[in-house]
Amino acid sequence: MAALEDFSRSAGLAECYAAVRDRTVALIDPLSAEDCCVQSMPDASPAKWHLGHTTWFFETLILERHESGFRPFDPAFRVLFNSYYNAIGEQHPRPQRGLLTRPSLSQVLDYRRNVDARMERLLDHAEVPPAWRTLTVLGLNHEQQHQELILTDIKHLLSLNPLQPAYSAIGTVVRGRPHAMEWYDFDGGTISIGHGGETFCYDNETPRHRQLLTPYQLASRLVTNGEFQDFIADGGYRDPRLWLSEGWDWIAAGGHRMPFYWRNDRPAQAEFTLGGLAALDPASPVVHVSFYESDAYARWAGARLPTEAEWENAADDQPIRGNFSESGRFHPLPATAEGLAQLYGDAWEWTQSAYGPYPGFRPAEGAVGEYNAKFMVNQYVLRGGSCATPESHMRPSYRNFFPAPACWQFTGIRLAKNRT
Amino acid sequence: MAALEDFSRSAGLAECYAAVRDRTVALIDPLSAEDCCVQSMPDASPAKWHLGHTTWFFETLILERHESGFRPFDPAFRVLFNSYYNAIGEQHPRPQRGLLTRPSLSQVLDYRRNVDARMERLLDHAEVPPAWRTLTVLGLNHEQQHQELILTDIKHLLSLNPLQPAYSAIGTVVRGRPHAMEWYDFDGGTISIGHGGETFCYDNETPRHRQLLTPYQLASRLVTNGEFQDFIADGGYRDPRLWLSEGWDWIAAGGHRMPFYWRNDRPAQAEFTLGGLAALDPASPVVHVSFYESDAYARWAGARLPTEAEWENAADDQPIRGNFSESGRFHPLPATAEGLAQLYGDAWEWTQSAYGPYPGFRPAEGAVGEYNAKFMVNQYVLRGGSCATPESHMRPSYRNFFPAPACWQFTGIRLAKNRT
Amino acid sequence: MAALEDFSRSAGLAECYAAVRDRTVALIDPLSAEDCCVQSMPDASPAKWHLGHTTWFFETLILERHESGFRPFDPAFRVLFNSYYNAIGEQHPRPQRGLLTRPSLSQVLDYRRNVDARMERLLDHAEVPPAWRTLTVLGLNHEQQHQELILTDIKHLLSLNPLQPAYSAIGTVVRGRPHAMEWYDFDGGTISIGHGGETFCYDNETPRHRQLLTPYQLASRLVTNGEFQDFIADGGYRDPRLWLSEGWDWIAAGGHRMPFYWRNDRPAQAEFTLGGLAALDPASPVVHVSFYESDAYARWAGARLPTEAEWENAADDQPIRGNFSESGRFHPLPATAEGLAQLYGDAWEWTQSAYGPYPGFRPAEGAVGEYNAKFMVNQYVLRGGSCATPESHMRPSYRNFFPAPACWQFTGIRLAKNRT
Amino acid sequence: MAALEDFSRSAGLAECYAAVRDRTVALIDPLSAEDCCVQSMPDASPAKWHLGHTTWFFETLILERHESGFRPFDPAFRVLFNSYYNAIGEQHPRPQRGLLTRPSLSQVLDYRRNVDARMERLLDHAEVPPAWRTLTVLGLNHEQQHQELILTDIKHLLSLNPLQPAYSAIGTVVRGRPHAMEWYDFDGGTISIGHGGETFCYDNETPRHRQLLTPYQLASRLVTNGEFQDFIADGGYRDPRLWLSEGWDWIAAGGHRMPFYWRNDRPAQAEFTLGGLAALDPASPVVHVSFYESDAYARWAGARLPTEAEWENAADDQPIRGNFSESGRFHPLPATAEGLAQLYGDAWEWTQSAYGPYPGFRPAEGAVGEYNAKFMVNQYVLRGGSCATPESHMRPSYRNFFPAPACWQFTGIRLAKNRT
């Protein structure tokens, strides 16, 4: 699929709406109502809550303002499914989302159908007003983010079940050998990053602006499981010189000795995947590493993490192709192709850039201004999308962000170096 | 129903088994799979887990030893559904019982049917060996305890849902006026408590032994909501002189200002019940009070909590009648009858007795020895059963026990005094 | 010294007052102002705070009521040095006692001298009114309790210092061999415990009352370090069948594998004492064990802990002699003498009795009623005094109490058994 | 005093050493041994520990390598006074620094004198080798940082004492009116920041490098208490739209409703200072605000925090003059002078820049490489020094850093804006 907005212009906004919304429901197809209800940690949400919240977004931010004779499907949902929008009002406490055995999954699916029917009527105009269109496209992009979270949150839940159940069959890994890692040179200088033009983007990608980069190198692909095993075998988790102080405390407090979903099964190392427990493939990219682990690995490898400007400068003119969620594998693949590979898809790439406002940044007006801006502290930028991201969701200027300890997302490592 | 064991002798053990086991499944009839899966706090367990654990008891403690050609329904269940029996092996961590979206409710019900069929074959003998019978009766009593926990745990879960859903209709309270509280005199002296004779009891009720009691009085009924409202109105929660030091810290830390399920709804006080939110009935017994609150109330009232020996001495020759779970109300009723009322049913009565071993106590042999003995520290004895207890489960010598802060059980207050 | 009150009657109350007060100050002689200021955990208090609080007791409970023209030494001390008397007013938060670098130690010693001079004037009457006498004797007993706490709290503080400093030289252990443990028979029956007569006691020791005891045995001495080493060597800390469930959780959470002050120094086991780090003496009583460890040891040894009634019945007619704080050793000694030894001194003996009110108990009137009664929940009774207790402080009916996990007091184990 | 290194070149390194070391000891002159021993929170350290640690720095990083016949003053101090240098070995746990009543203050002062004498011998050479000089200058700068921490840590300790004691008289605030805030324009463009040349700096200030700045404005002075009162009066702490999400959670969790050391005393607002409790001066800069509060204030004021490059670009050619610790006031003063005021001294200025490596940054070699680099995550850069910073310690390129919630340092707010 092309970028979501292009698709919405070519096929029509209503068709685009239907496609994205249906995709979300398709994602819970392998799950029971029980799977969809439970919350495995405060950072994760139940799939049912994701289904409700994405629907709430359309009902509250579009229908409530633009539907004539608006009446809420259920007034209680305004609070239950509000994530963090203070401008809209109170919120059900995040750590208690998993207590909501009512409304049932089936009621939430009714809610979806109801809102979809009303949205379809709203979008069934010769001329959809631009404000409606903008909010709808925002809502669909928002929905795509939650599609990814449904996958990562359910992965977390299933991983804590001693039965280690699979979300779905994800296919055998084609155990190709990855190409040997090479270094690509970039000259830097005064370059531009950020989103320009009129097409859709989140407010945090603006304004497009210039930055000064010194010459640098990027690795040709993501770090592999095999390479990360070398780091471990070399005592990587036991050498404080490799770690940020906070990272060293983090591995001590959590007893971390390997990436989050690795399992020390004998005889071979295993990895929990959305397809269940699987032998660890040394050729595939390492995923579910924290910022701390990524930074320590880079130091061990005599390299560093890229800045987000370095990444975007390299990715700006590359085709957005890769192992995205559309493939249905939901797991990274080895980078068998030559060239500067895996910039898009497979795994979100930690950058060394703290998530902050671009020079001249202004948050969007109103409630949607809470979407991004208020999180600009103590988070780090990730770039490029993952195997759980829809391809049509991706842009070169796209800024994902998570706190340094987060590792339940499909996060991986691309190395960078200064050119000397 | 008569005492469970009498019933098992009259109707036959297999019939008794079937009746108790069916009753458990009937209790989850008003619940969805989602309701049965979620754990609302570490002290509570999901209904599904209760269904599995009670079945595990029969499979592991009886079938595994006595069924010829025993093969487990699912080997993983041995750990998943082990509550705390170290003699049997590892246990799935208690606070993570709610993460078990698999096995599904439907698989757990299959598990029940499978074990029930195998138990029926085992019990379908002319002469069931005494050891089997003993363990089966123990397992059925155990199951009855979990029937009560299913109700109290689901009440806790639903109470945390902002929708305040009902478990089931519990009928309108017959708003009778309770009789005026009177004091019944007891002479004390050398009396006997504990279970004697050959019929079934838990090990912690033995041996029957003598105790010396000074003359005392017991209140004729449980403390009512209305009386407890007087305590609150008189500043009961604000006067440290009324409270045990630990209780004073407990109300400060938790911000307690009324019983656990009371809600300060305007204009009238409300109470969350298994029938949903209801107006507080001043005539009904106060329930869901902690040991601390019960003790403070008693001090305010110029009285004290009874010892368990005082209670048992009074209850020993009383008929076991009352508002038990068989009524299906699952909520206490006013004590409209005259006399020494409500000794049985309605609400467990906190005693001032720390839960400990009787003189000469010996735990049962083997794994079932872990049933009671290892909890004999920092818990307080409760007596008499509640509206969520099966009547056939009750005995005068029955010792329930919970830690002082517990209030999610149907716990209430009977006052006592010294005779002077 | 005879019992404090006898001494106060023979030598005079003023002399008694001076002797006890001087003793407290003598105890901090080996300590610096820094040692006296720091709080090592919320349960412990700085020595300076003990010095101030015991003085506050006399100033607030006696001088404030009975001194003509009373003016406080410093009005702020009324709150700073109030431990837990809600009847008197606000309290400086217990966990923040160690933040009080001001007032300085020297100011607190001035406070002591000031109050002592005023108390002396008050007691310098031909006829001290009985109420003053009673409160003064209470205050001196209170002071003696804090003398013991000064020692146990400073031991805790110094134990956490990597330099493992000594409080004072405590003398070489006379490495006698303890006598082989024997069992003493007691018939039980209807016996009396609790304090009778007119002499001083705490309210919690009253009223003297009858109890019914079944025949029992008591061990002839305390359990030794060597015997406890056998328990450890036999896997005592690894076998859940030996432990109360709460104790098993406690050793897991705290990583306990030996008594609190034992150190696994090579080649030999060492023990932190008030004389610094010392080789563990197998002949001396094990001390600083929790209720959980004492209970587990007893189970391992095929015995149990005594009830407080069993202990008092045995101790009632024994002379109060033993290794008390007057010896200045501040560490237990082996029980080399024959007979029923060590009932008094050396180590407080855990009983299986939860700390609660005796039948007919009434707390003292007024603020001093908070002294004991409000702690009657989730604590266990200890009997007999320790090497840090003043001998003149002890009585057969004396009830000390601490929560089950406490191990920074000199707590030890005496075994009991049923006679069969 | 000129920059420390200039002073060390003009007056001689030994003189410089003596001056800085003496200054540290002078700072504890108003304090008792008790004041110097206690730790008020894990982030703060006892003054005694600061005295020992700064001495440890010279003994371990210089004497141990360069003194002939080196023998440690006390081998235990190598661990006790190691802050966080893993390359040097184990460390006494940071939260337990306050338990070290031994060594005594007097022993630590002996330690200082001993090391000072040995350092003087080492520096008493015609030609001090460059490596010694570099490490000594680093050690003195390190010592100056701890001079500031002694003041901020003791302020925190005294603030928690209900007596609200003063560290020392700090003089009456000259209640001048601050000048009206004005905006200064900067063109930005390609500018350079970071330390160049051969003079001393920390590794984190290097390399000097170019950045591209868009045109911006800086406020002419720090935000005042009076202005911050307006923010509060306008509901600043109650409006979530003004806050970063994490900041909103922070004020909720901590109950923050005003800056850290403000006290709601009637009738007027008061502020705890190193001179004790004082009436709040509306003209003086607000201090002890967190990054969250600074960011929220800026948003409320229609402005933002500056980046560190914007700050350095403005400060680079300004004289390093201001209210530094040499004045002995230890509290900020109103900005009565005209012009771009208070860039240096008074209060550290929060920037919006996350603390990270400059392009091309390389940590120093060896143990001192742990000085700065390993903290480059989840901290924010502060610029300009405070009233507790020695003037000779300051440079335009100086980067201080603290986590966003920190408010026990003298942290204040300078506003910035985009030029449009």
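Note that the chains take the letters A, B, C and D in the order they are written out, and that residue 1 is the start of every chain.
Here is the rule we use: a contact is a pair of C-beta atoms (placed from the backbone, for glycine too) under 8 Å apart; a residue touches a chain by one contact, two chains touch by 3 or more.
Worth saying up front: this structure is predicted, and the values here are computed from it rather than measured.
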Subject >> Set of chains whose contacts include both subunit D and subunit C >> reply: none
**OP:** Please flag the chain sitting at the greatest distance from subunit A, going by CA centroids.
**Re:** C
Subject >> Whole-Å gap between the CA centroids of subunit A and subunit D >> reply: 38
Original post:
Could you state the distance in Å from the CA-based centre of subunit A to that of subunit C?
Top reply: 60
Original post:
Counting in whole Å, what is the centre-to-centre distance of subunit A and subunit B, each centre being its mean C-alpha position?
Top reply: 47
Original post:
Which of the residues in subunit A come into contact with subunit D in the complex?
Top reply: 84, 86-87, 190, 209-214, 240-241, 243-248, 291-292, 295, 304, 352-354, 356-357, 359-360, 370, 374-378, 404, 418
Original post:
Touching subunit D in the complex: which residues of subunit C?
Top reply: 32-38, 40, 76, 79-80, 92, 96, 98-105, 157-158, 160-163, 165
